[in-house]
Structures are given as C-alpha cells and as structure tokens.
Amino acid sequence: MNHAELINIGVVGCGYWGPNLIRNFSSLPNCRVKWACDVRPERLERIEQLYPGVRTTVHIDQVLDDPEVEAVAIATPVFTHFELGAKVLSAGKHTLIEKPMASSAEQCQELIEMAKERGLALMVGHTFIYAPAVRKIKALIDSGEIGDVLYISSRRLNLGLFQTDINVAWDLAPHDISIILYLLDVDPVSVNCQGKAHVTPHIEDVTNISLNFANGGFALIHNSWLDPNKVRLTTVVGSNKMIVYDDTQPLEKIKVFDKRVEGPRRYDTFGDFHYSYHYGDTNSPFVIHEEPLKVLCRHFLDTIVNGSRPDSDGVNGLRVVQILEAASRSLASNGSLVSVTTRRADR
Amino acid sequence: MNHAELINIGVVGCGYWGPNLIRNFSSLPNCRVKWACDVRPERLERIEQLYPGVRTTVHIDQVLDDPEVEAVAIATPVFTHFELGAKVLSAGKHTLIEKPMASSAEQCQELIEMAKERGLALMVGHTFIYAPAVRKIKALIDSGEIGDVLYISSRRLNLGLFQTDINVAWDLAPHDISIILYLLDVDPVSVNCQGKAHVTPHIEDVTNISLNFANGGFALIHNSWLDPNKVRLTTVVGSNKMIVYDDTQPLEKIKVFDKRVEGPRRYDTFGDFHYSYHYGDTNSPFVIHEEPLKVLCRHFLDTIVNGSRPDSDGVNGLRVVQILEAASRSLASNGSLVSVTTRRADR
Amino acid sequence: MNHAELINIGVVGCGYWGPNLIRNFSSLPNCRVKWACDVRPERLERIEQLYPGVRTTVHIDQVLDDPEVEAVAIATPVFTHFELGAKVLSAGKHTLIEKPMASSAEQCQELIEMAKERGLALMVGHTFIYAPAVRKIKALIDSGEIGDVLYISSRRLNLGLFQTDINVAWDLAPHDISIILYLLDVDPVSVNCQGKAHVTPHIEDVTNISLNFANGGFALIHNSWLDPNKVRLTTVVGSNKMIVYDDTQPLEKIKVFDKRVEGPRRYDTFGDFHYSYHYGDTNSPFVIHEEPLKVLCRHFLDTIVNGSRPDSDGVNGLRVVQILEAASRSLASNGSLVSVTTRRADR
Amino acid sequence: MNHAELINIGVVGCGYWGPNLIRNFSSLPNCRVKWACDVRPERLERIEQLYPGVRTTVHIDQVLDDPEVEAVAIATPVFTHFELGAKVLSAGKHTLIEKPMASSAEQCQELIEMAKERGLALMVGHTFIYAPAVRKIKALIDSGEIGDVLYISSRRLNLGLFQTDINVAWDLAPHDISIILYLLDVDPVSVNCQGKAHVTPHIEDVTNISLNFANGGFALIHNSWLDPNKVRLTTVVGSNKMIVYDDTQPLEKIKVFDKRVEGPRRYDTFGDFHYSYHYGDTNSPFVIHEEPLKVLCRHFLDTIVNGSRPDSDGVNGLRVVQILEAASRSLASNGSLVSVTTRRADR
C-alpha cells in the first residue's frame, strides 16, 4: 500500500476511551478514521454527531471486510481484547489494543505470534510512555544525572470509573508498570500485592503492589478507585537526585530535586554514626505540552509506514500482563511474594 | 504531693526531640523543667544556653535521686527505652516515653506492670493523637458524618533523620499506627510489610505496611526516609464522605469531601452495571492552631494531677509495638501475612 | 424563521478565539456553523481541516449574503468590531461581538441603536459571567451569606498574547470588569489607572485600575501580559464572609472563607482598642464543570429563539467600554481620578 | 566598651513584635537581653514567665539609666517612635527602631542627625532585606541573569492585626518598599496611591501604591488587612527571566522562570506583527533556612561591634517614610501622581 496516501483506521469500542482515539487519529494529517464500531447504537449516535465523516456500525465484520481499512484500534472491555484482537489480526489489519493487552499472558503470547506470522504491527496502548514528561525523565535517568535509581513509588488514585470485570490493579497499574519498566529497562522478579474490595464483591478497588527487580531495584504502586483526590504521582529516588512527576499539574509536571543522603560523616564514642543530607536547587525542566495519546497515535502510524517495532509492542503488553497475573496470585495468597517471569522482546 | 505547686520534670535525652519537650513543658504554667540529662556534654551546653534555669547532668541518677522531681520524660534512642523507663519507674517517678515505647512487646508489658504496681503514670509520646486536627477527624467519624470507614491510607515521608538502630517503619509508622488505632478504635488482626534498605544495610529506609482489621477494615501505611518531599498525609475513606488530613499545610489541614460511590444505577443488556458518583462541596473545618506536643505535655501533667489514664497509655504503646513486631516478621518473611494479637487496656 | 430548525451561524475571525466559537457552536444540537470567514487564507485552511462541514471564505459579504445565515459571531481585532458589527446588523443578522465590544463608547451606542431599530439580538462575549463559578458567587452574594461586599480585587496575568492595537487593560480587564459589574450590579463613578509599556511603545502591558462605586464600593484590577504565572484570581471581601475565585484551579475554583473582622472588643487605658477576628470553616461549594463559552453560545442561541435580552447585551458591552475609556483617560493624566458615566439598560 | 564581652540590650515595647526581638537577641551568643520595658504590666508578666533572666520595667528611664545597656530596640506603636528614639539616642545608646521609622520624614531626619552627632548606630527594622531569599534575589539581579528589571509587583495581604494609628500602607508597605529599594538600588520619583477604609473610619485597610522610578522602572504594591489568605508575594519581571518570591512557602520560596517575550518575529501583510515567547525551565534555587529577624539582630550587633553602617540605616528608614508620605498625599488627592524626593545616604 502506498503510504503517501491516508491510512484508514477503524476504531472498535466507543465507550470512555474510544472517542479519545477517534479525536486524536482525526487530528493527524496522514490518517482518516473511516469506521467507528460499538455494539451499543447510542454510543454510535454520539460519534456521528461529533464526527459526521466517520461511518458507524454495530458489526465489527463490516470494518474488517473493508479493504481500505489498514489498521484497527480496539478500546473495548479487557475480557474481549483477545477475541477481537485475534479477529482483527486474522483479517490482516495492523492492531492497536488498549491496556491491559489481554486477560492472560497466554492470550498475549498468542496475539504476538499471530502478528509476527502475518507481519502486522501489534501495539498496546500504554499511553504514558509517550508522555513528553516521561520521555524527559527517561532522558534524565539515562544521562546519569540522577545516579542509580534506588526505588520508584507510583500512585494513581481517583474516585470513580469503577470497572466490573477487572480490579483496580488491572485497570490503573498498567500505567504505573509500563512507566516503571520503560524508565528502568529491567524486569521485576517478584511481586507482592495487597488490596481490598469495598464496592463490588471480589473486585479490589484499593491495591498496593511492590515489585522487586532483577538488579536489586524496588518499586511500590498504589492504586485506588476510592480516593477523593485525583493523584497521578511518580517519585523516582536516585542516589544523586530525586524526581517527582505529578501528571495532574498543568505546568511543572516534573521537579528534579538536588537532594541526597551522603555517607556517614563521623563516628562518635557510641559507635554511632550520622548521615548528612545534601539539599540543593529544585529544577522543573521545560517539557513540551503535547497530549500523550496523540504522540501514541502518531507513533502507531509511523510503525505502520516504516515497518518498525512500536515502543509499546506486544511483548511490552505481555510483560505488564505477566506482572498483573503475579499480583493477582499474590492477592489470592494473602499478599505473599510471587515470582514473575517476564519475556523480553527478542531484539 | 500538693499539686497546687509546680510539678518538677526531668528530661532525659537532649538530641532531636528532647529540646522540644523542654520547650513545651517550660511554656506550661504548672510545671518546671528542673533537669535535662544527656550523656553528651555538648548537647547539655546547648540547653544551658537556651534555658539558663534548667540544671544539666550526664548522670540520670542525679535526676532520679532528686526528691523534687515527680516525673521524667525519656527521649533517648529506642534501644534504651526499656532500661531507662524501668529505672525511672523504679525510682517512683511518673514516666513519659517517646515512641515507639520499647524494642519489644515483652519490654512494654514489663513497663506496664511496673507502672501499675507502683501506681505511677506511664504515657507514650504518640504526639499526633493530641493534634487538634486528629481530634477533629475523630469527632467527624464518631458523629457518623463520614459513614463507615472503609479504609485509611497514611503516608509519612521525608529526606533524612535516618536512624541507625531501627528501620523507617519503627521510626515513623508509630505515628500512622497510633492515629489509625485512635480513629478506628479497633485492632488489626494481620499485617503485611514490604520494604528495602538502600542506605544502611539491613535498616529498611522505605517500607509499606498493610493492616487488616477485626471488623473488616483495611489500612495502608507508607514510610520513607528517602523522599524529596515532606509528606504527612492521611486519607480516611468513608462510605459517605472522605477526609484528607495533610499535616504539612499551615491552614486547612483537614478537607472533608462530600464524595462517594453510589450503588449500581442501572443494568443494561449486557448484564453490565454502572455506579454513579456523588460530588458535593469540599469543606475545611476550622481547627484551632495548637502544637500537638504542647497538648500532650499538658495531658501528661493532667494525668499526674488527676491520677487518670493517659489517652496514650502503656497499653497503647504496647499495641503499636505489637504491630511493629508483626511488620518486622512480615518483612523477614518476604512480605507475607503475619497475625498480630494486640492487647487492649482492661478498661 | 422556524426555530425547530437549526440556526445557521457564521463566524468572522479565525485567529485565536474564533476556533473556540466554532468548536462550541458545533457542539450544540440546535445550531450549525455554516461559514467561517477570515482575511488570512491559511487560517481558513486550518478550519477546513478540523471542520470539513464548514464553508470558508475571505469575503464577509459571502456570509452576509447567505439568507440561511441567521446570526454572526465576530472574533476579529477590536478596531474592526464597529465596522464589522454595523455591517452584520445592516444585513439583518443577530450579532455576537467579542469583548471589548468596540473601540469607543460612541461606537457601542451606535451598534446598540442599530440592533434596537432592527429588532436583532446584540450580545457581547463577556465569557466569564457565564462561568458556573461566577454564577455560584453571584448566588452566594445575593443570598446575603457574604454580608455587604466591601471590595473586590481581581487579577488576570500571564505571559504572552500581546495585542498590538490595544493595551492589556483593554484586552484583559473586560473580563474582570464584567465579572465585577455582574456581581455587584452597581456602576463605578470614578476610575484611576496606572500602568507601563515595556515591550511595545505606548501599549501598556501592565496596568492597575481602581474603581469607586456609587454605593461606596471599591475594586482593584491588576492586569499583565508580563507575568511568569497564569493568574485568574478574584477575591470578594464581604462583611461576613470572603470568597476567593481561582479560575486556574481544575477543581475547587471557589473557596468561601468564614472569616471576618469583628467590632472593637475592649477599650484600654490608652484609648486604644482592638478588633477581634473570626476564623471559621473554609468551604468549597461544588460547581458544575461546564465550559463558560459553551454556556455563552447556548445563551446566544436562546436569545435568538426567545427574543429575550442577553445577560451580556450591548448595554453591558457599552458600560465596560465606558470604564475602559475612563481608565485610558486616567492613564493619560498620570493616574488621576476620572469620572465615569455608565449607561444602564432601560429595563 | 570591650566587645569581647556581651552586649546588653533593652527591648522597649512587648506587644506583638517585641517578644520576637527578645527571642532572637536571646538566641545570639554575644548579647544578653537585660531589660524588657512596656507600659502594660500584663505584657511584662508574660515576658518574665518566658524569660526568667530578663528584668522588666514600665519605666523606660530605668533601662536608659543602666550603664550596662549599650543598645535599645524600640517596638512600640509608630506614633511613639520619634519621642522614644530621641530619648534612647540622647541617653547614648545604639538604637534599633521598628518600621516604619517614624511618623514623618522630618522626624526621621532629626533622629539621623542625633545618631550621627553622637556616633551611635541607628538601624531600622526592615526585616525582609535580611531574608536569605531576598539576598538571593538581589544576587540573581546583580549577576545579570534576570536581565533588566522591568517591574516589580508586591503583595502583602492577610486578615487582621488592624492598626489604629496608621493605615495598612504605613503598616505593611514598608516591607514591600524596603525590599524593592534594596533590589533595585534606585529611588522612585513619583507615587500614586488609592485605597479605602472599611473597618476604622479614615484608616485605609486596603491600598494600592504604584511607584515610578528614576530609571524608568515601575512597581506596584498591594496591601490589605482584609484578605482571607495570607499573601506575601513579590514578582520581579526581568527582560530575560522572571522571579516569583512567595514568602509563605516553607520551601521553594523563590522560583526563577526562564521566560520572556522575544522581539517581533515577522511582519505580515497587515502591518501586523507578532511576538514570540520563550518558555524554559523553572528553577528554585536552594536558600538557607534562617529567620530574617535573627539575621537582622546579628547584623545590628555587628554594626555596634564594628562601627559599620547598617544595611537598613536611618537613611533607608527615611526613604521609606518619604515614599509613605507621598502615598498619603496621593491618597488624600484622589490617587493622583505625587512627586517624591528621597535622600540617599551620603556614602
């Protein structure tokens, strides 16, 4: 196909997130949202009103049968990801699946195989690794300015948007996990998870995950659907500097603190010793203001045009699901430590 | 002793916290700080300069031998609490011990027995339960305005003040635990704790505790000595309203959010259901501005004068240590669930 | 015309603000943006890309000659408002003009007459009086809860969007003035204004206006295009309570402080007296989240359908311009006091 | 006198501010507060309780007659500053007077002469020029990093502490004015002031001052005793960077914004031109945490020991009073422009 031409996209699932995909793909010059699909006609009416140029259907086959459609974005409930993803790949279309990629690692593996066999792009919607702020933090870490990353603490809380098929860890932690994996570029070896279901029986609405990494790193992830404040806060503690990334701030999303503990300064008669603490400037680096989802959509189109591997490819999606599965096993065993084996892309 | 007269106090330990005790006791009309004691002469010089009226000594026996001294406050490292507390009680003086009360539940039990036998006041320095903000939250909960307390999340983070004999959970979590026990008035039955030591080997500087309560309640406590921001944030999620208590705010320490999830509103054709969310006013109740430690010191004097039981008595101190011991056992067993049996005061 | 049908709108001026009008009118069910007009073809290209259904032209006459077009919104530079407004009204179309309404009170008067003669709606784009937060403050004042309004202080600052035909007072103060007039419902009798031009000669980029009101009220308005922070802060000081409206906050835009000075409490031997201060709760009333410009657009359509007077009609626009003219005269006479005669609508 | 010995100080006036002077002088190693004086015995009782080592008296002569007393700090109402200052200087004691220095420029001149004739230190309590944050801003300006200072906007607001002998400009603006004079090191040539008295007749509780400087500089000062929030905010707008100094922040009191307007970028066919805006990092330089009043007290002692000129000497005090007098004249003439002639120290 000649990519001087527009890439025609179908968006499947027009609930909360699908319209954001339609809006962002529509704003990009080299693509056209040709189809919007949802089983609920009232959702399609809303799309028709906002985007008169987009065709709508309740039958995904109509989208998949259209030879002009090159790629499909899936923004449906998680339990449908595998079935729909497999259908889209079978139809020979490049695929973007919302996070988490599927309900199990096994399903993820299968989708990865299908995409590989057919030479199709398979990308997972880990939006935040496309956020300019996260890219900036990655650059700061890679430059060595932060020193060794000692641990990361990430919190994603708010009131609402309860899911009924997955718990809050499966809903919100994919963001935290994908950010942490992206920043650290190393895999966790074991996971603990505690949590509690208050509103829907057996669906935890508050969870806390701790991750132990291969290189000795440590991370804490706290998620809740039951918090009065919207919190999206990631703290990266380095041996030299510390970073706080507050995604709810309109400006100054990142603050770099020139703070650290310094080695024992003196030993006194009690065999006691004291640390000293370095306190320097706090810097908020300028970060360009661009919607992460727009960067993600552009990246998806680029991978189609260039045949390149997406930054959040199927293997990334799989690793996140493997960690979530381990967290679920830990939850089911009173929070005890559970090993996790993740698969790295064979690059 | 005739309590129309001044109560003479000795303060043992003049490091970080002792001077705060001296300052607050000095500001109260019905007491006098007669002695300050520390093994480090340079700490005593500082006290002499600031409080010319206070006598200083490196020998605790000089304090205990003074018949005018009725009460002693102990603000030394934790590992000395038991030995010094026992010494003070043996000398027949009322005792205020900084938190945590001692290094083990067994030690706490013994101090409780000693105080009981001698009819002496034994109080533990759980400062925050004397904070006007915490009292206000307790009143809001007890009034029923919040509804059922679903869970509490508490965070106490900062850079520095590393301890060398106890980890960050033993150092900071006593505040969170004592607040939570005070607010909920119910005991945890089991504990998980994960953490990691980055700076001093085997002394965790980042920990995360989760508590399961007898009545089904849940709490999360996150502590760190390695965070760029000073955080003292407790979130109380009720079934009707939610409270955020941010102790770092000079004003508006408490915010009460009229927010909640409301039951499923409708069932649609997919057997799917949706919650609705109530968003109302946010109210920051006026809270009198008084230093919690001053309230604590006044309360200690009152219990001496009235022979009443302190709000943070030895049994409270014991319960906190029992939970910390369980957290340490969980840490040592990869974060797995550990039962905790706390002892309630026989009221 | 039958208003069961769609109202066809033309938008003239597609610079910074025009696209916002197009976006909001497009989102309303009972209207259609039929035309977008700008003298700069590159601006029209952008509109065509975003709104394929909107026709574009560089000739306003094409818009005015279209009999389907019932109403025109003018979002061009201020110096063109009168000429274009007159043209639109002459063509028999309802008119929405961006703030400030025109370059002089005389021009405003003439437009008011033209609209009146032709029985056409004439509305001015004082966006903020349609903000849910401002409506809420008005309700709080009208309820008497605040007591007498003693004074209002309003600040609108940011870096950028320098205008080249008007100074910062004419650019930003129309928002502050229209909010103040709306809240107080009384007119200023005199004005002082000081300011300074730093970037463009003779175009003040920092100004400070003070207003004295007929009923003894007082207001201060500070505007700047040269401030590092975006500030949109209005403080309403009442004799009983005080309100702070911070429009840059995503939530809790309004805070109502139960604070006031209370009368002299005691007289001492020096003939000296002391006030006491009441400090109570701070409340942030829930305010629905809706874009003020959308409310404004809907209101414009309503006035067309119902033949009612807009809340920000020509007379409102005139009063704001009369105050700006007085401010300019004060600026030109070293900040001295200048009388202002405003015209109230003959309701 | 041999300054290896302690400098004995008397503090006259023990209302709101005097105790702060006593506390800070007491904490310095090379001085002793020997006397506290106030006409109200109940104020002295309070001092006796807190500082048992300080002698108290209701008769200033007892302080002045004590040959050991080398220096006296005056913290009484403004209308007494001249009489008491003259008395203290006549008694041959070094003098620290709270701001504003006196009720008129004439009185200030006379005190300056008296001190000069007697070779005594005369210092005015312009606390904030001793604040580490203000010193840091001065260093940033002097380094050229900010570029030319275009204007300064300073706000000092709160609820309460109404004075009964001076208006809010005389009470609070001395802080803003002394900061601005210190930073700019140039004098204003003219002043406008508007304001209003709401609580006490003829005592303005809200004022706004604008200052025009010899070098073309501009400043705005807003003061209020009737604001729900405590505000202490100074914005320094430079041609290259901008600084915001928020003294209410416990940390990050200063933020340096790498933001500026850049020259017209292009001219288009309409003779129209556009500015561009540079947005870079925001930096919060580390500033040591020390109470400004303590630095001031230490500086006062240093000037006594070294015979050096204080940074806030009588001439600084005089300049501030000259500006306040001009502001009062402007207030009395409806806010019109009033010239101000300040006197620089003959250095």
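Just so it is clear, A, B, C and D label the chains in written order, and each chain counts residues from 1 on its own.
Keep in mind that, in the parts below, contacts are C-beta pairs under 8 Å (C-beta built on N, C-alpha and C of every residue); 3 or more make two chains touch, one makes a residue touch a chain.
None of these values were measured; they are calculated from a predicted model.
The most distant chain from chain A is D, comparing centres defined as mean Cα coordinates.
Between chain B and chain C, the superposing rotation on Cα atoms measures out at 180°, rounded to the nearest 5.
Rounded to whole angstrom units, the spacing between the C-alpha centres of chain A and chain D is 53. Once the centre of each chain is set as its mean CA position, chain A and chain B turn out to be 38 Å apart.
For chain B, the set of residues touching two or more other chains reads 279.
Against chain C, in their complex, chain D makes its touches with residues 39-40, 150-151, 153, 159-160, 162, 164, 190, 192, 194, 196, 198-199, 206, 208, 210, 218, 220, 222, 224-229, 235, 237, 242-244, 255, 257, 259, 261, 268, 270, 272-273, 275, 277, 279, 334-337.
Every residue of chain B that touches chain D in the complex is listed here, in rising order: 27, 29, 49-50, 52-53, 248, 250.
Contact residues on chain B toward chain C in their complex (touch as defined above): 251-252, 258, 279-286.
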